[in-house]
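Each of the next two complexes has subunit A plus one other chain: subunit B in the first, subunit C in the second.
On to the complex of A and B.
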C-alpha cells in the first residue's frame, strides 16, 4: 500500500509489457485465431496505416471471432476523413479542401454509425469487440480514460454523449479528444473510438470537416455533432501500451498480436477492402438528399424556387440524380428549355461529375458562376483507388 | 399435414398481429397483410433512423434475414426479421430520421400473395404514426445518464434501481424486446381515437381489464394536455436556440417527476447559529491544520441527528411499502461546471465533524473534476442544499430528490435583533440567524412529523454541544 511499492510495481509492469511486445514480433495472420478453441481475450495492433485495410480487419474481427471472446484492436491511419454509415459526404466534408490538400486525405465510409471524424498519424483508434449481451457504451470508454489517467492526463472523462473529453487551461468547457461509434449485430458488438494524441493537423480539421455545401443540401441520414477538439499530447506507443494494460487488467493477460498488410490476403478481408474503397460504397450509400443552389433548399421535396436568379435543384437517391428543377429567369418553369436541362441531368452520378458546366448546358452568363460553385462544392477529390 | 397445421398457426398469428392495424382503417381494402413496426433494438430505444433497406418489395424474407439497417445514437444495428414472408411495401425510406419505436415502417405479406396490390398503401392505412414515447420514468431516452441526484452528470453511469439504465445491457440482461411486446395494450377503438386526436397512446395508463387502455382513457388524455407544437410563429426577433443536452433532459425529467409525484409541503424555521459559530471558531482554532470546519459540516451533522430522532423522514416511498433506513446518508448539493451534483456522505450519524468535513471537501473536489463513482452520488436518504454563500438569499424552497422524502434548503446568515431579558429590563442583542426551509413529501411525512423534524434540527443547531449526545 505504500506509494513506493506501487510505483515499483507499475514500472515493472511497463518493463514486462515492453518485453512481451518485443517478443511477439511474429505476426500471426488473423485467420489463425478462429482455430484457437478458447481464445477468449485477444489483442491486436495494426502496423498498417491504410484505413480501408484497418477497417476491414476490424470488421473481420467482429464477424469471425468466437462468440464469447472480447477483442481489443488498436490502429492508426494515414490522413483520412471517416464518415458514418448513413452520412452524406458532401455535407460532412469540404471537397475543395480535400482536393487541394498536400496531405491527399482519403475519404472512407465506415460500417458503424455516428458522425464524421478525422484520422491521421497523430490519432490512435481503439476498438473493442465483445458479446452483445455484455455491450455497454461507457465501459470501454472508461477503460481508455483510466489508461489516460495512468499517463497523467488527469482531466480526461467520459461525457454524456460517450465521447472522451479533457479539461484544458484555456477554457471552462472540456474539449473533445475522442469520439465513439458502435455497430451491434445479434451476437457480437463493436465499440470503436478515436483518440487525438498529437495530430499535426489539429487546426485544419475544422476546415476539412466543414462543408460549404452544407447549407445547400437538405439531407436524410445522420448529421455530425461538432465539438471543440484538442490533442492529448501523449505518444502513440505510450497510449497503446496504456490501453493494452488496462484491457489486460479487465480481461486477462494475453500477448499482443501484430497485424498488417499480410492480413490483406485473407479472402474476407480482401473483399472488405474492395468494398470499402469502392466509390459505390463511399458515395452511393448516401441517403436521399436535396441539393439547391444558389437558393438553399427549404425542405426535402423539390419546389419551384421564388428567386430572380438562375437556380438549379435536384434530388439524388443513392448518389444518382432522380429529379430536378431548373429555374431560369428568362423562361417560365415547365418551359421546354428548362425541362431539357432538368431531364438531361437525371441519371447523373453525382460523384462521377468532373465539370458541372458540361452537365448543365451553360447558355447564359449567370449560369457560369453557378456551375463553378457546384464544381467547388460537389466535385469529388482523390478517388480511393489511388489512395490505398 | 404438418405444413398445413403450421401454416394455419402462422396465419392465425398474422391475423392477430394485424388485428391492431388492419381493422382500424378499413377505408380501402387490402389483401391480408402484417404491418412491420420499428423495433426496439435495445431496452431504452425510443426512436431510430432508417438506414439501408436490405430487401426490396417482392423479396422473400426468411427468419434471421436482415430486413433493414437501423441507426440510433451512433449505433448501427441490423434489424433481423424473425418470420417468414414477402416484403410488400416500404413505408419509411432509407435515411428517414427519428422514426418512433412502434411506428409502421413496412408491410409484409404471405408467400404467394401479390406485392403489387400494396403500391398505394400509405402510412394511414397502416394505422398512422405517433411520436416517440416520452422517456419512461426510470430511464433517460437515448443516453446512459446516471443521476439519483437532481441532475445528470458527466461521470460515467452504472446502474441502480431508480437510476436511468445504460442501454443495451446491464439491469435487464440485454434481452432484445421483440417488437410484438411493444404494441400498446389498447382497445381498437382507443387506438383509433388516439390517432384521431393525436394523443400518444404509449404514455397512457390503462383502466380497462388487464390494464388495457380504453377509449375513456384516451378521451381524458386528449382533453388534458395539448401536446403538439404550435405552428411556427412569425419570425421572431433575435434569439439563440440551444439544443437540449441529455443532462438537461434528465434534470428536467427527474425534477418534473418529483414535483408531480411528491406532494411537497414546506416548513421554515429561523435558527440561531450564534453558538454554532462560536463553537466552530473554537474548534478551528485548535485545529492545527488538521481540519477546517464549515457551517455546512455542522448542519450536515445536525441533519443526521434530526433524522435519527424523527426516522420517518429518513425514509423512501417504494412500490407497496415505505422503506425506513437505519443509516442517515446525506446528499450534499454541490455546484459544478457541468451542473448540480449531489455526492453522498454516508452514515452521517456515526461520523464526527472532522470526518464529515474531510469527506465533503473531497467529494466536492471530485464532483467538480467529474470523478465521482456512481455509488458516491446514487442513493442517499436526505439532501441538504446550502445557498448560504449567496448573500442575497434569505430563504428558498428546494425540490425533493426522488426517491428521498425530504430536503433542507439553507439560506444565508443574517444578523437579527432579538430581545434579551436583563436585570435592567429588555434590551436588544444581535443574533446570527439562518432561515432553513424543509421540503417534505406528504406521502411519507405528515405535516406534524415534518414540524417535529424541524424542531429537532433547530434544537440541536441552537445547542450544538448536543451534537455530542
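On to the complex of A and C.
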C-alpha cells in the first residue's frame, strides 16, 4: 500500500516505523517518496550513511517537492570526500592516500557549488530546501547557530564566507565547524552544510585532501579554501534534535519522517544514485585542466615549456586528454619528436589509466620515474559502486 | 538566475546602477535600425523574471540568450560557467547551464523554447567575462548562447518583459 496524498506527516511516520519493524532485513518497504508529500513544511532524517543515496534523496526533494514548501533534511555519511560541482578531483584529493586508507573513503561530486569537504559518522549534514524567492545565504546557517547555542556551544557564529566558526581556548583564530554550499534553480533552492561534531579523523583529513598533483595542474573551475577545523563535541542525535527544534520554531511544528535505503527504490532517486556514483559524473564532469610534469604549468593553456629535461604536458577536457606536448632534450618544441606523443596519449581517459608507463611513450630511462610519479599523483582507485 | 540577488541586494542594486552607465554601448538602442515600425519594436530585447535576456534577430529565426546586468552583479564574482552541449532543444524555463559564484551553483534557464546551436566558449576560459558584459553579444562579450527559434519560441516572447518593465521589476524586487 502506498501512502495516499492526504496523509499528514505524523501518520506517515507511524506507518514508516511500523513497516521498518515488520521487515527490517527483508524486502524493502514502499518509499514515502513514491508520491511526493504535499505538506508545506517537511522534516526528514536519513538513516542511510551512503553519500550517493543521501545526496540523491536531497536532489529529489529539491526537484520534486511542492514549489512553496520548506524542507529540512538531516543526514550523516560514511567516510567520504565531497568535492564541489565544478572542482577537479586530482587537485582536491590525494588518491594514493584514499586508496591505502583503512576507512576506504568514497569520492563524491555534489551538485552544489563550493569547495571540498570531509564527511564521516561524526559529522551531521543539514539541508534546507525552500522557494528561490525566499532564499538567503545566511538564514539557515543562523538557524544552526541557534541550535548550537541551545546545546551550550556558545562561541558559534556565521562568518563572512557563510561558514559557522567558533573560538577554542587553544587558539585566537576561530576554527571552522560547518561549511555551506548552495544549489539554486528557477523555483527551488537548496542550502546545505556540514557540522563537525565528533569526527575521529580530523588529524587525517589533511592527508586525504592534500593533493601531490596540485602544483602540476592549472585547472578551470573552483578552488577550495583551506580552513582550520575542529569538532563541536556534541552527539549526533542531540544536534539533530536541536536543529529540528529551531526549524520548527521558524516553519511550524511538524513531525520528523525517517528515510533511508527504501527511498533508493524510487526510480528518480535510484537514477540519481546511479549517476552520482558513476565515473562519468565524478571524473568526466571535471572542468578542463592542464597537467605538466616535472615542470609545473604556467597557465591554463598548453605551451612549450622551457626546460632542460624531458617534460610531459597535456590538456584534459571532460577527463579525457585532448592535446599534449612532449618536450625532449634533443627536440625543439613543435618538431617531430614533440608531435609523436600526441598520437599516443590523445583520447586517454585520465581516470581509467592504471599505469602511465603503458600510456606514455617510454623510450628513455629517464621517463620511467616520470611514469611512476604520475601513477602516484593521478591514478584513481575509488570504485564508488562498492560503497553504495 | 532568480535567486542570487537576495543576500547581496543593497550592494547589487548599487552595482547594477553603476553598470548600466558603464556598458551603455553593449545595450542595443531601440532607436537604431529597429525603430522603423511598430511591429519591429515588438522584438526588442526581452527579459524574464529569472533575470535572463533574449534578443531575437530581425528575421525571427535566431536569437541570443544571456543573463542580465542585474543578475551578473547580484551573483558576485563568477568563477565557473557551465555551458550546454549543442545542439540542444529546450522549452522555456529549462536549465541550459549554470554559473558558480559564492559557493552557489545557479541554473541559467532558457527564456523561450528554442534549439541551442552554439555557446560562448569564452566564458569557459574567462568566467569573469559574464560579470563584465553579461548583455554584450559581441565576440568579447558575456552572452551565453545562440539559438534557433521556431514559432513557439517567438510566441514565448509575448510573456516576457521589455527593458522598461524589467527595470521596474528589478527596482521592486
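By definition in this document, the second predicted complex is superposed on the first by the 341 of 388 C-alpha atoms of A that agree within 3 Å, B and C clash if a C-alpha of one lies under 4 Å from a C-alpha of the other, contacts with A are read in each partner's own complex, and residues count from 1 in each chain.
Simple rule for what comes next: a contact is a pair of C-beta atoms (placed from the backbone, for glycine too) under 8 Å apart; a residue touches a chain by one contact, two chains touch by 3 or more.
For clarity, every value in this text was computed on a predicted model and none was experimentally measured.
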{"item": "Superposition on subunit A - do subunit B and subunit C clash or fit", "value": "clash"}
{"item": "First, second, both or neither for A:65, with subunit B first and subunit C second", "value": "neither"}
{"item": "Touched partner set for A:288, first subunit B, second subunit C, both or neither", "value": "both"}
{"item": "Touching partner for A:137 - first (subunit B), second (subunit C), both, neither", "value": "both"}
{"item": "Subunit B versus subunit C as contact partner of A:42, first or second or both or neither", "value": "neither"}
{"item": "Comparing the two partners subunit B and subunit C, which touches a greater set of residues in subunit A", "value": "B"}
{"item": "Subunit C clash site on subunit B (candidates 147-155, 165-173, 291-299 or 345-353)", "value": "165-173"}
{"item": "On subunit A, positions contacted by subunit B and by subunit C", "value": "84-86, 111-115, 132-133, 135-138, 161-162, 180-186, 189, 220-222, 287-288"}
{"item": "List of subunit C residues in touch with subunit A within their complex", "value": "2-4, 6-7, 50, 79-80, 82, 93, 95, 98, 100-107, 109, 124-125, 127"}
{"item": "Residues on subunit A engaged by subunit C in the complex (per definition of touch)", "value": "84-86, 111-115, 132-133, 135-138, 161-162, 180-187, 189, 220-222, 287-288, 300"}
{"item": "Subunit A partner contacts - residues on subunit B that touch it in the complex", "value": "41-42, 49, 51-52, 69, 71-78, 80, 93-97, 143-145, 152, 154-157, 166-170, 173-174, 245-247, 337, 369-371"}
{"item": "Partner subunit B, residues of subunit A touching it in the complex", "value": "84-86, 111-115, 132-138, 141-142, 154-155, 157-162, 165, 167, 172-173, 180-186, 189, 219-222, 285, 287-288"}
